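The two complexes that follow have chain A in common; it is paired with chain B in the first and with chain C in the second.
Take a look at the complex of A and B:
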């Protein structure tokens, strides 16, 4: 009896520990839930740092959440004024006001940096369920920026993935991914995104300032800041159409 | 008639200096013309050959889907049965070699900066038979186990501050459009006649690409080289025939000949030829003025002789014929010497060529595809040589008519007193 009792205690503790800890997929699901919205509107500032130069782009964005994201983005800085993006699911069109022409961004172009930034169109459009393409593993817990985080690793299950491997540092409390590393097939680190600021909006923590660092170029990064973020404001679906894009 | 020819000949011999001088003017004019034509035609052919031998090949074959999206070099639309297609092409006796290539878009990074590049995946053995990249190579070509070796343009290497033996990071999308970046050892650099290739061209082997790009031996283009033809139009005709015969066998594949691939350079050459004709006309006019002037001088110097001949009973028409014979003889001899010099020069140019690097040295000239270094060979233009001879002869005859006419119409007393 004296030998069996501690064993039972250990088994109970092990069972309880396992039942309370989350799996990688569960963490990802919670992240998605925290990011979920019906609609979102915001004003964005994109600062593109290349060497010692910085280019600022201002934009206004409205988006519908759900299974298929719909978004319309209009640039307001003088150089790009009137340039608009229309995203419908995984499709993207750009309207160029000077040429009065709409160009569909597809194939290889989706991998290019959006408006010369370090964020690719594909990064911005990513809406696939990550669990379908990646094997998600909780690989540890670490402190990042004084926040206790889950560290989850995503390893590609299929060949058609933007990055072969990703590592995310997810805030244990808010389920915001505070840092993400994106790796090439070879294992080389390609990009790192860091959340620089989060805000409480509509009862949830939301990343409002994020930097994306290109690891293949020195001093190359893009900082994206969202201001005046409003969730779940009623929105006219008509906006997300080619007709509106050309207007 | 014989007497007149004899007198005309004796007159030429009497005024040896003047005859030689006039002859030299005609000879030098025609020689320079033949020489320049050969050089210019050689430069054009050199540009075309360089383009065929370095980038386009004579015929290129893709799939239809690849062709629709060829600007983005999609890796997913590879050719099926590459070996069968290669064998079929090699059976055509106009074909000299066939090589597969797969192009891709990437970036080359030294972690300070990254530069966009157009990569070519090559089969090191067959590629050498179709393309002449190795002739411009400094360093080594791919080794037999070229898993992580890269060859790049000298300008690109200079921009990234790297050289042979250094490692550089190549970034590209795999066949499955997943991002990949890996370190490659620079085994060689090239400085070709194509500035664009030097600035943004990189080459890796299929062995390396199968790993790096998940390529699975995908070949997106087959490049065909044809046997050399002296006349470029014959080469174009061969291309057309080989393409027609290939397309009838494999109608689902898209084939391009150099006529389409090099349409830009061919149009440039055509435009140059139009300007060349215009320039030639101007040059010939100047040459004609020179010839007219020389013949005129020789006639006016001898007006007093005309008076004496008239006094001796020569008819005006006979005197006119005599001067025309003199003009024709000078024209014949001058033109003959001119074209012989021209032919000798073209023999040297077509046999030994002329090295452009000796003219331009190490100077970098962006000529947008036109070679400014390498050895350029002259071109034969037989119709032009015959035409030049006839031009020299006819111009000399025509040039002697007006002064001969004037001399023939002169009064005896007036001619004798002519100063």
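Take a look at the complex of A and C:
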């Protein structure tokens, strides 16, 4: 026992030292490692809750990762069937099938809810390069949903950001952000997202069910579920073009 | 006015007969239908895929209030039922076949509103390609509006599309001086566009740039437009440069002209878009300008604003727009399922106004209810339509 005890102490100290030695940037880098992909395809179910009512939107999505994210999303529920989104970097276009019209979403329209959901177009367009836009600080550790989490705070260092401050609860084991709060410049809480389900896909933990609550709306939330998620499947890059958007 | 060659006159005379016109139009539609069905069947056979149908049906029930200045106002029952069916092949890797048609049954005073617009379709099929009378129940005509019926072939170097399509050539929502192909239906509460019979080739240069060549398919007369549009995204703005030639038939309400235009849409804190168009009349050598500037903005995902201004330097006697025209739209989202909105179009020269107020409620997943008041004030009179729309999508 006398030999084991110092070993346990050393192990605890080593663990604690390692834990606290992680900086905010390092935590974010580990998160990105889990989220990085060359390509991703999935089928999505977007459930929009308003009071006691729910509206379901189904979609198919394909995306290319890398420096500039490219994604195409097509809605498949009968009410919105054929409506498509093309995201190329910071640009977003919507294709309305009935009118055969392609509309560029720009300016303040980007802050509108995507297809009436609590997720804005701006949220959908946001790339993962948060470290370029935010100063990241490790502000503590907390238990969230019975999971030990790092709490990191992101303060905007550039003007053009959708949220001036963000707080994330990052699972210490899986490095998945289980909860995120997004604030306005005034300090007002704008949105809260909670991860409802994670899955091990292709050797990485990935959030497959997320709830987003827009605090500016009353009695409203959106649950986004990803099923049939496939990473790094070879993909035709030509799909991410204006030509394919109209097809 | 333009002069015509002897051969052309002879040709016009030869096919000037109404029966011949009817037969030719029906023949062309039949050929298009057969081509579409053939493509759909062959695509299905090879790819084990089928045709996907979707659509909607709505019924408007309301009152049409005609305002008179000297006699007592009239209030009559008015309404319509519209079944809208859309179909397209599910496997669209190499080609697409799509159709969209409305079956319309107008009620009460709405019959009079539709019938004057289609005077010949009732008896002589003259307006076959716009609204076609299928059959009648008493005085009520059952009309068909063929909005889309086209096929597309996706070749490695270009996409070729033939048939009736809806083309959005410009950037304007209501005012689009460059868009001569698919005009906006002003009395439609959703400002839908009409289909046009078109051949279109789209040649991509990159993900966001390319060349569109579009020409109207002339049926009986030689009244058609041909245009080339070069489009690209630069500095986060969508730009397009357009060159067009409009060929007028002898009885057309416009002259032959060459048209050049520039359109743009992008973000300068507010969404900003516009069109500038220069017309060169080939006979009179007159040159005139048209311009449209539009903006949209939203506040806190609750308020949504849109405004457009149209300037027409040259006032064609047949033009529906005057020198200065405004469109404004406000929408307030009560929640994700409910909103109230108002739109108004004002033509300063003709002093005419078209406005609509509506309350929209997505009552169930695929069921919508709209209560609206649509008002018109023009030289043709003052009308107010109070209506309730029930809509089911499938």
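What we mean here is this: the second predicted complex is superposed on the first by the 227 of 247 C-alpha atoms of A that agree within 3 Å, B and C clash if a C-alpha of one lies under 4 Å from a C-alpha of the other, contacts with A are read in each partner's own complex, and residues count from 1 in each chain.
Throughout what follows, a contact is a pair of C-beta atoms (placed from the backbone, for glycine too) under 8 Å apart; a residue touches a chain by one contact, two chains touch by 3 or more.
Note that the coordinates shown come from a computational prediction; the quantities given were computed from them, not determined experimentally.
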Superposed partners chain B and chain C on chain A - clash or fit: clash
First (chain B), second (chain C), both or neither touched by A:242: second
Comparison of chain B and chain C by chain A residues contacted: C
Touching partner for A:102 - first (chain B), second (chain C), both, neither: second
Touching partner for A:113 - first (chain B), second (chain C), both, neither: second
Which superposed partner A:217 touches (first chain B, second chain C, both, neither): both
Which superposed partner A:160 touches (first chain B, second chain C, both, neither): first
Which of chain B and chain C A:79 touches, first, second, both or neither: second
Which of chain B and chain C A:203 touches, first, second, both or neither: neither
First (chain B), second (chain C), both or neither touched by A:234: neither
Clash with chain B (superposed arrangement) - responsible stretch of chain C out of 6-14, 24-32, 222-230 or 294-302: 294-302
Interface residues of chain A shared between complexes with chain B and chain C: 51, 107-109, 111, 216-218
Complex contact set, residues of chain A against chain C: 48, 50-51, 53, 55-56, 78-79, 81-82, 88, 90-91, 97-113, 116-117, 120, 214, 216-220, 240-243, 246-247
Contacting residues of chain B [partner chain A, same complex]: 69, 72-74, 105, 107, 109, 111-114, 169, 171, 173-182, 212, 214
Interfacial residue positions of chain A with respect to chain B in the complex: 51, 107-109, 111, 156, 158-164, 182, 184-186, 188, 190, 216-218
Residue ranges of chain C touching chain A (in the complex, touch as defined): 52, 54, 86, 88, 92, 96, 100, 148, 152, 154, 159, 165-168, 192-193, 202, 204, 206-208, 210, 231, 233, 236, 238, 265-272, 296-302, 304, 335-337, 362, 365-366, 393-394
